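Pasting a structure here, questions to come.
In order of appearance the chains are A, B, C, D, E and F, and numbering begins at 1 in each one.
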Amino acid sequence: MRKPHRLLVEPIVRGALLEDIGRGGDLTSESIFPAGRRASGAIVARKPGTLAGIDAALLAFELLDPRVGVIEAREDGAHFEAGATLARVDCDTRALLAGERTALNLLGHLCGVATLARAYVDAVADPKARIVCTRKTTPGLRLLEKYAVRCGGGENHRFALDDAVLIKDNHIALAGSIHNAVAAVRAEIGHMVKVEVEVDTLDQLRALLAEPVDAVLLDNMSPEMLREAVDIVGGRLVTEASGGVDLARVAEIAKSGVDLISVGRITHSAPSLDIGLDIAP
Amino acid sequence: MRKPHRLLVEPIVRGALLEDIGRGGDLTSESIFPAGRRASGAIVARKPGTLAGIDAALLAFELLDPRVGVIEAREDGAHFEAGATLARVDCDTRALLAGERTALNLLGHLCGVATLARAYVDAVADPKARIVCTRKTTPGLRLLEKYAVRCGGGENHRFALDDAVLIKDNHIALAGSIHNAVAAVRAEIGHMVKVEVEVDTLDQLRALLAEPVDAVLLDNMSPEMLREAVDIVGGRLVTEASGGVDLARVAEIAKSGVDLISVGRITHSAPSLDIGLDIAP
Amino acid sequence: MRKPHRLLVEPIVRGALLEDIGRGGDLTSESIFPAGRRASGAIVARKPGTLAGIDAALLAFELLDPRVGVIEAREDGAHFEAGATLARVDCDTRALLAGERTALNLLGHLCGVATLARAYVDAVADPKARIVCTRKTTPGLRLLEKYAVRCGGGENHRFALDDAVLIKDNHIALAGSIHNAVAAVRAEIGHMVKVEVEVDTLDQLRALLAEPVDAVLLDNMSPEMLREAVDIVGGRLVTEASGGVDLARVAEIAKSGVDLISVGRITHSAPSLDIGLDIAP
Amino acid sequence: MRKPHRLLVEPIVRGALLEDIGRGGDLTSESIFPAGRRASGAIVARKPGTLAGIDAALLAFELLDPRVGVIEAREDGAHFEAGATLARVDCDTRALLAGERTALNLLGHLCGVATLARAYVDAVADPKARIVCTRKTTPGLRLLEKYAVRCGGGENHRFALDDAVLIKDNHIALAGSIHNAVAAVRAEIGHMVKVEVEVDTLDQLRALLAEPVDAVLLDNMSPEMLREAVDIVGGRLVTEASGGVDLARVAEIAKSGVDLISVGRITHSAPSLDIGLDIAP
Amino acid sequence: MRKPHRLLVEPIVRGALLEDIGRGGDLTSESIFPAGRRASGAIVARKPGTLAGIDAALLAFELLDPRVGVIEAREDGAHFEAGATLARVDCDTRALLAGERTALNLLGHLCGVATLARAYVDAVADPKARIVCTRKTTPGLRLLEKYAVRCGGGENHRFALDDAVLIKDNHIALAGSIHNAVAAVRAEIGHMVKVEVEVDTLDQLRALLAEPVDAVLLDNMSPEMLREAVDIVGGRLVTEASGGVDLARVAEIAKSGVDLISVGRITHSAPSLDIGLDIAP
Amino acid sequence: MRKPHRLLVEPIVRGALLEDIGRGGDLTSESIFPAGRRASGAIVARKPGTLAGIDAALLAFELLDPRVGVIEAREDGAHFEAGATLARVDCDTRALLAGERTALNLLGHLCGVATLARAYVDAVADPKARIVCTRKTTPGLRLLEKYAVRCGGGENHRFALDDAVLIKDNHIALAGSIHNAVAAVRAEIGHMVKVEVEVDTLDQLRALLAEPVDAVLLDNMSPEMLREAVDIVGGRLVTEASGGVDLARVAEIAKSGVDLISVGRITHSAPSLDIGLDIAP
């Protein structure tokens, strides 16, 4: 599985550590424990879920103690039960306690995303539809959240505004028509850029089929309407359903035959998963 | 109300914009709209809630178009209904569309935090307890999330590891006793630093009363046990209840008479509030 | 035409200025001229060419003197003759002289790229092929160089490793076969990512036609072989010729009927265009 | 030979890597190859030339894989033939392929500079003149380009505006006279700063000899005029010829007896040298 | 003793190195010594004092030569005599000479602070008062200076504006009264923030006793007035004397019975301690 | 007079502000004063001195309140008496109070440097010697401190290791001889770099006269020995006296006839000048 490169993850973890350590350092642990004292820490799940971000979490300890020893660590993407040990480290005591909250904040958030993604993916196993995330991510964490979605079995939509084209309702309204918008885009972009267009009605969809695009986003349509849309497309475009997709409704949407279902709440509203750090001297 | 300074907020918003604009820019809008074309945008709530982060959201547009005009904007802390216009801007069309997702991601997240904080605060209005947030925040967004908690009527616990001391179970276990931990801290910190200690039992609490500390965190206690703890303390320390506090249970906890109730989920698990951008030519 | 956003260009220009101003400042001009003295500067082409980067060049003066006045400036993409005035500014004298070299280094480089791109584009006007750049860019200047290519009438290939897939000879050799490589990629990437595969032989090309890819890069093939390749593809893939494409040979390559011709030297070996700054008191 | 310190080079290489890896990582290689798979890579010259920047190129791999093993590497400054292996590494496969373009873009550019510098230096071996570079460098790469010039046997003029004084035609025109400009500079700078003045005529040169300066830049003079200028100076100042110096003309300029010949095109217009990466499993 | 974390110190040392190495590197040492040559360096005190910042100083060498060997190093906080060796390293010769000034500038400054702090602390040993520093620190070095104060036996006042409240004369004047200012603060801050108020008169002090604050800063009072103030407070608040405290006067101030004496000159005016680097081949 | 460019000063002031404002902001002033309230502030000298850094100080307020109005401001380099108003601003109250300490810390430090430099300069007015600073500066503040020295009438030695060569005792010892060191340097540096050599004895000085260098640093010599050294040099080199130069001794040193006297304590040990901020509603 593709993993975000450490070169990209390290600035995020470093920034999170500095946010928590502040300028003065960890007043509590540095006052109580001498430099050099070591301890053993176990990252333990309090609830079941899907693992995502274990490397980022361990990096929090490593940035504070380059000699941290990782005794064991599960693989991202794995399912775990409540009580499971996700990783164990041997670490400088001050570093372990100073890094604890950063590690757990990252891990709880990313496992939350992966676990919710996994729930959506499992709900549309048969008939199969692919669950994709959106750009509705937490500022600063898009790289890691999109990775967590993959850990949960989901797939990524475009990363950002610069790697693919998505013509939405606002673009169409301001441009005057789908045709105008597509033509303008085609004149400007290179041959390695895909184009998707959002439609709200079946008439729009029919008009779209004459345009040189790769995919269609079917926004806020009922399952019945989606089914009709899939028929109209007839395999000529990748079809994506979108709009207020909750877990209870997603299987019904998948039955419409769309290729993809995009779900914003996987990234913007997944509750953090409860994970703790157990420390032994 | 205290507001995070623009000097501190701008790097966050700039980072979020760069995350979304990427290196190539907004392929879609820059292809369709000429430079200089202006449009009007209204930030509209799709659900009711409490406002937080409107300045940060508007800053996303301003960083892309320094000449953006803010026609109207509500004040952070205000309650709004579904359909309410939270702000209106006159903006370069490319900037408006390129900044849309960053502005809404920030605003949806922060209003989500403020709205959940407000729900907790309202639930403990009488008898009154103060709702405080924790360090269980989203990496990179602590400053803004702690502000959003205040917008929702909540209060902030310490910002980070360097502005106050909180001696927790792990510290006590490794130090051998509460007394050892407090003594070590007292020998190292200055006179402007407050000290709070977490206790799990009433025996620990009684022992704590002999120590020079400012507050006690009563962790994972039942409402009955909390009441007894409050009696034991007898006003000599600030009392804070903590641990798995959900909205259904919070009023009962407040009845125990504790001064503060800290709630991690306000910051780590608040769902994003649904807010959109309506654009007119 | 799409233009790189100022938010992205400013750090490049600022970095270039700091590289030239150093820590001590412009010893010469600051010693000779008093603060506040103003002068008029004309950016003048010493050779004919195609304009690219005028905003970046002017930004060098603006970052040193926010009150700089731009009297006139030509549009990027325009052809100019030797002697043409590309822009004129009214500026603080110290800022004008301190920014001169940075502005001209940027502008000379980018006009060099645009002018060479334009030469290639003009050479393949009929029969028409599209000239595209590569990732063989100058470290730190990819954004601006890819823009300069567009100013010269060329188009951009993928921006970087993260916005599209290009399976090259090394990938195929290490993966064992084109099929293995494509299958591995398809299992990992989202629906908005295009896939191109490099082939060296017509047998590879025939095998490729069975794979779900979007484009083929025909590497280092003779014009005759390219013609045959275009026949074999029969419009089922976008075809791109690549490899040691010099200006003398490009028209012949275009006659093969390929859709695109990629040229590394446009970005990595374009000589700087001679542009100067004429100053009047 | 003086080498740029790693502390200064690393940010440049890191920036170049991030420009190419983007935010999403190397979609192609990370999809095809598992983490941990190793491969052997040979950096091979396709054309003869002079080596410069091998450390910077290898650093690209090291930043992606800190455990990269460098099997062999030639020394900067060495001449190499087409087909020569410049370095060989044992590296994580993903890191090797993700770092390839960054390493080659840097190396090709810097060897291009060194090779062109060497050609100029060889052309003026007897009678000997020293070839120096200018501030006409590629934005962001001055440190490395000036080093590449030294690898090619050339020398560096001042690094930037803050380490020496060069009074040019614009300064003289605005100051009213050479005397005014020199006097103003002398009143402001310290005893460790050298002063050079550009002259266009022999009259200016004669006037300059009365001023307390270290060197004279003889701008755009014919070989005959340069010879006369050298006679006039009579060893009292360092003499530097400048202005449109091409390779065909440089030996004739050297015969004039000037100490230095400065050549902008070495840094701003050297074509990239063709260098490739051969990978074996 | 609490020590600033390397994660926080490294950017300061790196910045100081870059300030001194510049963009061109150490022209002198890199010209004279070949890469790889090693030497032994001893950091030697020329004057007696108290050690602070030895890790930061050694880091200067380590950032230039990651393989530097630290043969010996004294502990921060130790007293040393003139001639004492504070640390000895085995280091690349270029790194040793390039890092020398940065290491010594940091160490001389911080030992200067620690030594002056120690002098104040020793002066108030009996009757005991605690010496605290202020926010009158050198821009960019507050973290290290506050640490140096602790090395000298002093204590830290608040770190900055965000970790505690200090209501000063300007606040009171603009707010109208102490009561107004305290009430406004109390309504905004959390339970982990301490509040101190500056008073200039005993009347102000008496009024302050009715307010919910933690400490009082007795500004610019005579020893007699301080004694009266301590009597008035009667142990209800922490008392701090402040204002023009010189070494000759500090013992007399301590006799007043105040808990703390804050001294700005420890950080803003401590002369650098004379420390040198002795190098052996 | 040369002034550090705002592009270079702003990062220093911004860093200093962030160090003091922290992540949580100014708890005190933001709690007490509403946003938008304005106040008038006067920067007033409590002691006489020489002004340096007024722009940097005012920038602290401007970065917090871009609409700050500067009513009046004296020029750097001016002498002022105790009680003098150095600048007056109209500013947002929160910004004025949050920026106060940063502005005063910078200004007090820089005026301290300028004032001490002025004292040395005045002490050697007749016979005239030039006072120069060294690289013994406060980490992070070299640019501003060297400017402050100029404000006090002093001059700058080289800025850093990369703009000139200074061969010191350690270099000579490790290189074997002055001749070896100078020859190695001459082979590596360009024609715009000056070379100075430190000598401890008159024999060394005589040997040095045969070498191609620009200046000699006469280290730790008595006034008599300096006089003899000046005679030996006979105007062939710039002469600089150095080593433990205190204010009482400097005039005597100047009488020896040396050109320059370098004084480390001007930058590393100048006490901060007492300057305050008076605020009116």
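FYI, a contact is a pair of C-beta atoms (placed from the backbone, for glycine too) under 8 Å apart; a residue touches a chain by one contact, two chains touch by 3 or more.
Fair warning: this is a prediction, and the values are worked out from it, not measured in the lab.
J.: Determine the set of chains touching chain A that also touch chain C.
T.: Per touch definition, common to chain A and chain C: B, D, E, F.
J.: In terms of residue-numbered contact pairs, which of A-C, A-F or D-E coincides with B-E for over half of them?
T.: A-C
J.: When the C-alpha atoms of chain B and chain D are each averaged to a single point, how far apart are the two points in Å?
T.: Centre-to-centre distance between chain B and chain D: 52 Å.
J.: Using the average of all C-alpha atoms in each chain as its centre, how far is it in Å between chain A and chain E?
T.: The answer is 44 Å.
J.: Once you find the CA centre of chain A and the CA centre of chain B, what distance in Å lies between them?
T.: 22
J.: In chain D, what residues contact two or more other chains?
T.: Those would be 2, 19, 21-25, 27, 30-31, 98, 142-143, 159-160, 162-164, 188, 193.
J.: Pick one for the touching-chains graph, please: line, ring, star, complete, other.
T.: Per interface graph, the chains form a complete graph.
J.: What part of chain F is in contact with chain E in the complex they form?
T.: Residues 12-13, 15-16, 19-33, 39, 93, 97-98, 100-102, 104-106, 108-109, 112, 135-143, 159-168, 170-171, 173-175, 180-181, 184-185, 187-189, 193, 264-265, 268-269, 271-272, 277, 279, 281 of chain F touch chain E in their complex.
J.: Spell out the residues on chain C that touch chain B in their complex, using ranges where they run on.
T.: Touching chain B from chain C are residues 2-5, 7-8, 142-143, 146, 159-160, 163.
J.: Would you pull the chain C residues touching chain A in the complex into a rising list?
T.: Spelled out, the residues of chain C in touch with chain A are 1-2, 130, 132, 155-159, 162-164, 166, 188, 190-194, 196, 214-215, 238, 240, 259-260.
J.: Could you pull out which chain C residues touch chain F in their complex?
T.: 14, 17-18, 21, 23-25, 27, 30-31, 35, 63-64, 98
J.: Which part of chain D faces chain B closely enough to touch in the complex?
T.: Contacts found on chain D: 19, 22-23.
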